[in-house]
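Both of the next two complexes hold chain A, though its partner changes from chain B to chain C.
Let's turn to the complex of A and B:
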């Protein structure tokens, strides 16, 4: 609008060339704004760069923010300009010039917005496919997988191999547990991941819908009962991960969070093998590892939770301290 | 409203005693009796159910209680009186039609007059909105601290669910109800709406929905928020029945309201009111009406399936028993996404109606604006899975839903093109309605831009389920719809009630509301991006400062709304400054009649001569001939349509 109006020397009531001024101000402010967003703000945008998917999301935020900046600046500048200069003068009860429309401006507007939108769709699709589904849950049959990993065997895993590390995430009211099928299928409340190794999360639920949100990893996948929801990422920096539930799942949804960490390959192997041994007695009474579980046939589930310290003295499936059992 | 002379209608029989005259008090008696009967019936039926031995509550008596509550309420209101009379071949009593007199009492009756229903809706919607707002204040009070302190987790979820559902379900009618019903006939030059009975029924179902939804608190609330995702909604307590029943009932109400809008606009336009001349607000009502009629049945179906899952163990949504929780997500969002445009389009309509008047210019690109509304309405049916990008549904479709979602920004951009073109070298009159309209454009800009982030699947991985998405839809709904609604109230109240709201208080209302609104919701984008999920009572300690800032801003926003209530109550009850017929020098047809309009709207059906936005055009004809000569085709039509067949005009 502003840019087009400058083509016609439309002088305002005071002989002011509104179009030229607006276009010039818009270009200057947009260039400055875009540079600030991309270079200054961009590197600090969430969710950071602790994993491949987080880094690609940060890049997307940077790009989208940079594209949005001229739009926001343009509209705000235009309305601000209107407030400053296009006001009714005291005593002037007449109407303004009747402009019913302008086909050229409308066509330009539609073309430009259409081009931006189609560009965004292409960019978004590329950014979805190239980083293996961008950390989003892809359901039981994932179609965008990390490059270089060919086998998804749950038999064993070693650092640097072709086999991808599998971590099963089980949501239940109101805690997360993690099973490592390549290490005997032990189940723990601790999430540990090796550095620079692709990870496949198999997310499922025992009761209602939860959503596994590993914030720093840029991973989010809904945990549906009876469904295996797969998400991929590769941690690229050491550090702590916050795991929260991002789908309202009942009374204690707000307290359903956990922490995990990204550690070196050797530290991960040590931890995994130690935990496998430590929890061997618990693993025996767990149901055998599967992609989904039917809680109505999990006979020992209360006992397991007690072993894991998930419940207090009552030993029930739900924490007896909860104010209300659903 | 201002006419307080009570004149008894001509009666052949002596009037019934007051407690048998159908009005809100008989309706309450009917509702209470209906609930008691339904609850008893439900207990009777389900006493043999095996699962009742172990469950601590039973859904069937609650749901049947609500069903008979609604029937009793409608019987008490006298909804069926005329229908039964017609079935029996008796003359219709006609407790409605165009009510000339009756003072305030007519607002508590089942009135068939579209202007009475409009005022009923306006007051009702304000009550529903402020009730929902009180719940929001409770939420923000809880979030002052990163751990739970004021509300227990149960109470917090009750409040979250009540706030979300109250706002999302009742506010679907916030503009269609008051302004659509009242103004559309006036704007298209009609004496009436197409279906007065559907219109009145659509209103009288809303108090039922409201009370039933609030009654969830008596059963411990519902833990699902406004989305009601299964299987949580199947395992939840009795409050869930209240949610499902109230939402389904409101769905029926908006279907009726939508039918009435669509048929009125298509069939009841005055001669000369061509498609190229109908006001933008009417375009918005038409597109919204189509969305209501096409989307809400899916909601009603979904809610019905929840109720049968809970009462009759149909297991539509239970994965282990052959159902699918994805089915519910799909049904809900197939309604839910058109719904957000049910909330946005009326707002676009109001601001498009306000800006030509106060820029003193014709609307720039009238056809582009109408096309934008249709584009938004049509595309809104093809985007629902963008709520489910992380859900684990078949990922093949994600690029498509990303594309359709982003495509919506093209027709939405039309609305901005129309606005910016209209503002070009205008002579702005910064009245309160104009300020609210401009505020809407600014707020909706942030809502729309953040929507582009959410439509992008990779960026969306961080955003959904967090405060980012929550800030996004508050910008579009609170910042868009509610700002437009308030602009509409300030703009049209002189027409609706014949009373002008105080302009100085209005401006204070706008500026405080605009500043505190942005101060409340802008930081929430950051809160969400920094990892705080929605609907939680515990959050990371480093987010406490931001959350406290937001909470305090929210309290100030509440105070700003109190200014509105003060202004509204004082202006309409105490000060009562009479409004002239056309205080804004507007060209719209609704402004060419007195304020408030005469009972029949127009003495004869007018002949429309020109469009409503021809400001500054010296060659433009007046918008309509209100007294067309009898020989003219319009005059002939006017006398023909003056006596419709159903006899509601009495």
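Let's turn to the complex of A and C:
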């Protein structure tokens, strides 16, 4: 390996010629590699581009992958070059010269890595804020909301309006259900969303902690009992959505999946209105729409259930605020 | 202690730990209930499966756990299991004898019958010597009525069947005391569904949090194969 620059010969292992070759190869391979990562591999990176948040995440992966490419190529190139050309000769027992005291290299290293880290911090923050939380659960009081939208669960919803579509996601061992408060509050196992309309997911759980993961939408939000976790997205392409639980929640956790659809505005309205009518009798027996539900409180409890002292807590319910949770 | 003795002791200790790990894995984690195979008994594109719910297992290591039983298709004996096999693309006619008492569903939405032929289940109530006529029901209100004891649900196939319960306070206080149950107030629920055209394993479960004393009512029997959850093997 080379010692300080003044002692480095122009030729021979670690010489200036090696440095020029390495630098030239690194630049060429990095340009090609970056182009391949961004333009060829990038469009296939997860989670795709079916929604605003998914596209934003894919863009982040493309940028991070592109930035990482020259680093990876540099390390591998240097490693391969050393293996190929700087091998120890038979009988050569001498150590390489130590590197020390190169202020220029140290300053360059600190400046470049510092700029990369600070740049990524700014980029990451912007990418979290600009797509309204980037599809992640923001808790009960979200800071970043889609611009120009109004949140009202009681008002009816129509395509193109300012009122954002509300979809409540309810996790229960081991299935997801979806409630549409702006369509009478019906609850169904089917998730349907309109194209190019902002959606607000209100995610909660009736028992343990689950995690709502709508993969193709790039939406992931923990479902906690007694907590409303809000996530936003705007579906931008028609197609199927896979919904999974991303939090180990019990023995059939692996079977806790569902499929949803992104459909046109008109198809969504037709589906929502038909489902509202079809499920009207079930909607009547549901608890009034709320952001969270307490299983120890029954709406319209019947006489026999009351006499038997029954609630929907069944075998037990531990309030999320209870510090003595097992 | 000499070197050979120390090496031998270490090896024995190591093997003991490995053996203990294997025992735990096989005995506790890998233990599976038996599979009741209904496949050979299918005829004319149909097969009849019979299950029972009991308020307490009354045997084994957890006698107070609520449980399902499945009837052996050949001997008609009740087997303590929740695993059964049926052929693909076949109409499965299920009968559930429900001997447990009512508990409101945690989510009343599961009171709707889904995925069955006609979207209904047929229900009869048996109390003492009286038996009600068969009634087709498409929805239960488990909060307003003492109506549902458990569910038989296969979420991945969109099937949800609330198992009707005895409806009165007197019946709910006089449930069967010895499992498998042969007497006591109970419901008889029948419904049909068609299995997928290809083979596979489909988990089924109860949506009533009936694991008394466990985390959110969902531990114990709710999370143990052979009690309130199981699987249906569809054989191609």
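Here is the rule we use: the second predicted complex is superposed on the first by the 275 of 326 C-alpha atoms of A that agree within 3 Å, B and C clash if a C-alpha of one lies under 4 Å from a C-alpha of the other, contacts with A are read in each partner's own complex, and residues count from 1 in each chain.
Criterion: contacts are C-beta pairs under 8 Å (C-beta built on N, C-alpha and C of every residue); 3 or more make two chains touch, one makes a residue touch a chain.
The model shown is predicted, which means the values in this text are computed figures rather than measured ones.
Put chain B and chain C next to each other and count what each touches on chain A; the higher total goes to B. Residue contacts after overlaying the shared chain place A:207 against chain B and chain C alike. By the touch criterion defined above, A:44 lies against neither chain B nor chain C after alignment on the C-alpha atoms of chain A.
Contacts of A:287 after superposition on the shared chain: chain C is touched, whereas chain B is not. In the superposition on chain A, contact of A:255 is made with both chain B and chain C. Of the two partner chains, chain C is the only one touched by A:172; chain B is not. Of the two partner chains placed by the overlay, only chain B lies in contact with A:105; chain C stays clear of it.
In the superposition on chain A, A:56 contacts chain B only, with no contact to chain C. After overlaying the two complexes on the shared chain, residue contacts for A:134 are found with chain B alone; chain C is out of touch.
Shared contact residues on chain A (touching chain B in one structure, chain C in the other): 207-208, 225, 250-252, 255, 257, 295, 326.
Residues of chain C touching chain A in their complex: 101-109, 111-112, 114, 139, 141-146, 153, 155-156, 158, 167-169, 172, 203, 205, 207-218, 220, 222-225, 229.
Here chain A touches chain B in the complex through residues 1, 5, 10, 12-13, 18, 45-47, 53, 56-57, 60-61, 64, 68, 71-72, 75-76, 78-79, 82-83, 86-89, 92, 94-102, 105-106, 109-110, 113-114, 117, 120-121, 123-125, 127-128, 131, 133-144, 203, 207-209, 211, 213, 215, 218-222, 224-230, 242, 244-255, 257, 294-296, 323-324, 326, going by the rule given at the top.
Chain B makes touch with chain A in their complex at residues 148, 152-154, 156-157, 220, 223-225, 227, 229, 231-232, 235-237, 319-320, 325-326, 359-368, 389-396, 398-399, 402-403, 406-407, 409-410, 413-414, 416-417, 420-421, 423-430, 438, 441-442, 445-446, 449, 452-453, 455-462, 464-466, 529-531, 533-540, 614-617, 620.
Residues 170, 172-175, 177, 187, 189, 206-208, 225, 250-252, 255-258, 279, 281-282, 285-287, 295, 298-302, 304-305, 307-308, 310-318, 326 of chain A are the ones that touch chain C when the two sit in their complex.
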